[in-house]
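You will see two complexes here that share subunit A, one where it goes with subunit B and one where it goes with subunit C.
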Partner chain A sequence: MSKRRKEVVASVKDAAAMIQDGQTVAIGGFGADNHPMALVREIIRKGTKDLTIIASATAGLEIDLLIGAGCVKKLIAPYVGQEMYCPIGHNYRKYAESKQIEVWECSEYILYAGLFAAASGQEFFAWRGGVGTSIPELNPDLVQFTDPIGKTKKIIAVPPLRADWAIIHVGWSDVYGNGQHLGARFGDRWLARAADRIMTQAERIVPNSVIRRNPFMTTIAYADCVVEAPYGGHPYAAHGFYKEDVEFIQDYVRCSEANRKGDAATWDEYLKRHIQPDHYAYLDTVGIKKLLGLYTHPIVSW
Partner chain B sequence: MSEYSWKELMAVVFSREIKDTDKITSGAHTEIFFAATMLAQKTHAPNLKLQLGGSVTLCNVTDMDVEELPKTSTGYELIRYAESVHDHADTFLFYGAPGGASYYKDDSDLRDINHFWFADKFFVGGIQADKWGNTNMIGLGTKDKMSFRGPGTIGINDIAVGVRDTYVFLTAHDKRRLVEKVDFISHPGKKVCRENEFYGGGPKWIVTPKCIFDFDPNTLEARLAQLFPGVTVEDIKANTGFEVKTASKVETVQPPTKQELEALRTEVDKTGVLRH
Partner chain C sequence: MNTSAKPVWTPTEMMTIVAARALKSSDVCFVGIGAPSAACNLARLTHAPDITLIYESGTIATKPNVLPLSIGDGELCETALSTVSVPEMFRYWLQGGRITVGFLGGAQIDRFANLNTTFVGGTYAKPKVRLPGGGGAPEIATSCHEVFIIMAQGKRSFVDKLDFVTSLGHGDGKGSRERLGVTTKGPTRVITDLCLMEPDPGTKELTVVAMHPGVTRDQVVDSTGWDLKFAARLADATPPTPLELSVLRDLHARTRAAIEAQQQKGGEA
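Take a look at the complex of A and B:
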């Protein structure tokens, strides 16, 4: 019997290959921040199909990219867009309107209620938000019942939202899968807890002693797989490292809008430009000058 | 050309609504409300408990230099204004009594409702709003055929259950947006809130670039209450998709004062995001 602890570090390629066609994948981050983009791009490169995606409560264009690349069958998300950059994701619109993807209609806390139910092994979590709206009508998985205590109010039973994998961006991690966010955590801890297995994408792999120096900061413990991908969140921000690449996001919005309007050539060319053989080839296309220019002073430091 | 934009006017109108004891949550894609809340902190509400968007940053800019209005509600840059950052699910949890200390006084009119009031005020956008104050972020069409897929409900309905007053805002005033009945409800109006015994009161106003509707306390229907300067009742009637009823007296909104406009432009919106 070996007394050596198991190290869980993998390459981006090997990690993404563990995700099979038809699986359910929860993807962390929020808005324009902290998305595991190196893994997302590798999933696209590999051509993984028919995924059910559990998005973050305010999904950004990382989900829109997966939809536009043809990887998604079903989407569980209360929003897909990028606020002022792009109020509604263009591929999301295109695919939802033509019913090429199924949308599991929900709101932010209905999403969390489903994740809590999965994470805690409950049959459902109860939540009032959504009563009186069209959400229960659009989503037959949500069941309304009458409050058994007060006897009058309507409540929604939200069934568990379980994922095969959660893929989460962290600031850094050790080789045993102990990851720490170096900024906002958003809903990442809940996405991870609702998943059978966790894959983290770290800006840096650090010695275990760095984690032990401040275990209070560990947000994802014992991930099943860790990949190191510096600038792996690009074009989105990675808290503690860099801000979002505005020009790059605007280019995405332009090309995805073209796709929605029927110009598939522009979109195919976009995918060809950005889905490179590996993460470092992708970074080469962005360019060192651009990448270094995105650096932000680490607000969180210790 | 007036000396201020409708966005600036809207920011000032909402800033005036804000009390020093308020708790407010401002969601995504709402630069007008970033401006309104920050302006309030800088002018008359330095104790406003302001929760911004996704990362649940509790922000106070009273003594801070605001370089430019934030572009997103989640951005890393936004954290410079924060005094606290929580997990996002905490957005929907209690963080202090509405109305501040007065809540705990016996004569407070807030206490007979429920202490789990999420906040005092919340701002709600939509692709459609109807005469009941229901708003729609889901899409246009029917359940079986959505001709336009909207952005989604985000967390609006989750918050609406427990916020004292919501304020519906539309960025254009026309018959496509102000309709008899919304195609889908993402944020329930006053009537639906009351029927479902929500702690929250539902919308207090619908605000457009032309006017403010409030709600008839008896019928819970929208009625024209205030006009923006230069707008007429006829103009509203001609551009609204439901029959416009009016309050007993329709007032005109006070234009921004010189001081308000100066504070807005020099302390909150230096780059002029709202000017265009």
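Take a look at the complex of A and C:
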């Protein structure tokens, strides 16, 4: 396959429009860090429906937001919450308890094992975590078997988890879709490799020479589409750029909890406040002082 | 014990301190956010300065100055020796057998230290309360050399029967792990806000081996959903030392101050 250099920059709007109703989308980041929020908000604004979401192994409230906005049909995730902020996502709980979403039960590495199987074109990946639990009993896609070599250990066969799209936050990228993380990579490269197509959201678009200067840091090569979205991870942290917005996340937790408890008006008002016509209108609602107050020194010296 | 005197520490502080005391400098510890993170860093800042703390976000030998609210926090990466990818952490460090102690908690625990973090009440198809899910706990439970469980004790959480087994403890008793080919020890301590339990060597059923200062046997029994066993001779409970308390409180105070400083910098939202 020839890989001629091709510019793949798109607007947030055009990029999110490539994701169709009913598709499977893997979303990168981890906990309260490095989530591609500008793209997530645009998916919500556009009203994309019936998505199957493959979340990062510690999915944060970015997934909870998508669920609460009615975009999700099926969720593949071992955890949805924000730890000390909110041990369990309120919309996730509301939708799972009322069966408005289907949950594919797994553990963190069962998720990665499925991504590995998809990424490497293999029928399954074997993993020991989860044996002796209810997980393989209640997730019919998982098959527990006895190690065919040593013949003593129980192991779980995890089938491929393939996505149509992976949407991944990177620190920066060139216009050809070659991106670099400027901090932890979490499981992003595995989410990306298990997807047919990769969409990255970069804090900055930089010249190709910047990428070439340190190829060891290139984490996503040949993304199919890249968008530039400064502060595009807000309210979550972006490694190398800014910390998470504690107050903003606490407000999310309050409003989503209200929704779980039946106060749909508070939740609708929350969505109205935060799902703005475009990314820059969103940043306006956050405010320049707030945004610059989140700035942190770069983790990585480049 | 004079129960009328007001204790100068909280049950949660006592739980954290007892957990910290169980750790050694030579341990390689898989840490979760919350009480485990406080306990592990307390150990690091007191009697176990060389302990290797590993967070599932991929950070190895991290030395956070404050306690992060969330697992991917830059504070953990910036103070680490190395930050690997999350899959590498699970494959090569965890299932590769390089982690000595894993910390777990849960919404429910049973007498064999199996844990539930998936749902409570109703059925799986129609749960009363959906919980966050397995996270990394199912593999921590099978791959760390041993597991310490830390959770507040109560009748709703210490139950006779789990609604869902999310993480394997000792299954239905001695021999369960072996039958599955799981060769690690599993849970060796359950540390609560009332007492310390350990699995009985003969049956693997959790047995109270020490009670925290000022806690009565009735309190422990009334906070457990099964007929709880006590060791014939309970160990002496050592109250928190002034050093343990001051280091733990400083850690929490630094954490609060860091959050407040960031919010003030951001001004009015």
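Keep in mind that, in the parts below, the second predicted complex is superposed on the first by the 298 of 302 C-alpha atoms of A that agree within 3 Å, B and C clash if a C-alpha of one lies under 4 Å from a C-alpha of the other, contacts with A are read in each partner's own complex, and residues count from 1 in each chain.
One rule holds in what follows: a residue touches a chain if its C-beta (ideal position, glycine included) is under 8 Å from a C-beta of that chain, and two chains touch if they have at least 3 such contacts.
No experiment lies behind these values; they were computed from the predicted model shown.
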item	value
Room on subunit A for both subunit B and subunit C (clash or fit)	clash
Superposition-derived comparison: subunit B or subunit C, residues of subunit A touched	C
Touching partner for A:F30 - first (subunit B), second (subunit C), both, neither	both
Partner chain(s) touched by A:F248 [first = subunit B, second = subunit C, both, neither]	second
Subunit B versus subunit C as contact partner of A:G293, first or second or both or neither	second
Which superposed partner A:A184 touches (first subunit B, second subunit C, both, neither)	both
Subunit B versus subunit C as contact partner of A:E123, first or second or both or neither	neither
First, second, both or neither for A:I135, with subunit B first and subunit C second	both
Residues of subunit A at both interfaces, subunit B in one complex, subunit C in the other	30-33, 57-58, 77-85, 87-88, 92-93, 96-97, 103, 105-110, 112, 127-135, 138, 152-154, 183-187, 189-190, 237, 239, 243-244, 296, 299
Contact set on subunit C toward subunit A in their complex	33-34, 56-59, 69-74, 77-78, 83, 85-87, 90-91, 94-95, 118, 124-143, 164-168, 171, 176-177, 180-182, 259, 262-263, 265-267, 269
Subunit C contact footprint on subunit A (complex, rising order)	29-34, 57-58, 60, 77-85, 87-89, 92-93, 96-97, 99, 103, 105-110, 112, 115-116, 127-135, 138, 146-147, 150, 152-154, 183-187, 189-190, 237, 239, 243-248, 251, 286-287, 289-290, 293-294, 296, 299
Touch list for subunit A against partner subunit B, complex	30-33, 57-58, 77-85, 87-88, 92-93, 96-97, 103, 105-110, 112, 127-135, 137-138, 152-154, 183-187, 189-190, 237, 239, 243-244, 296, 299
In the complex, subunit B residues that touch subunit A	28-29, 31, 53-55, 57, 71-77, 79-80, 85, 87-89, 91-92, 138-139, 143, 146-161, 184-188, 192-193, 195-198
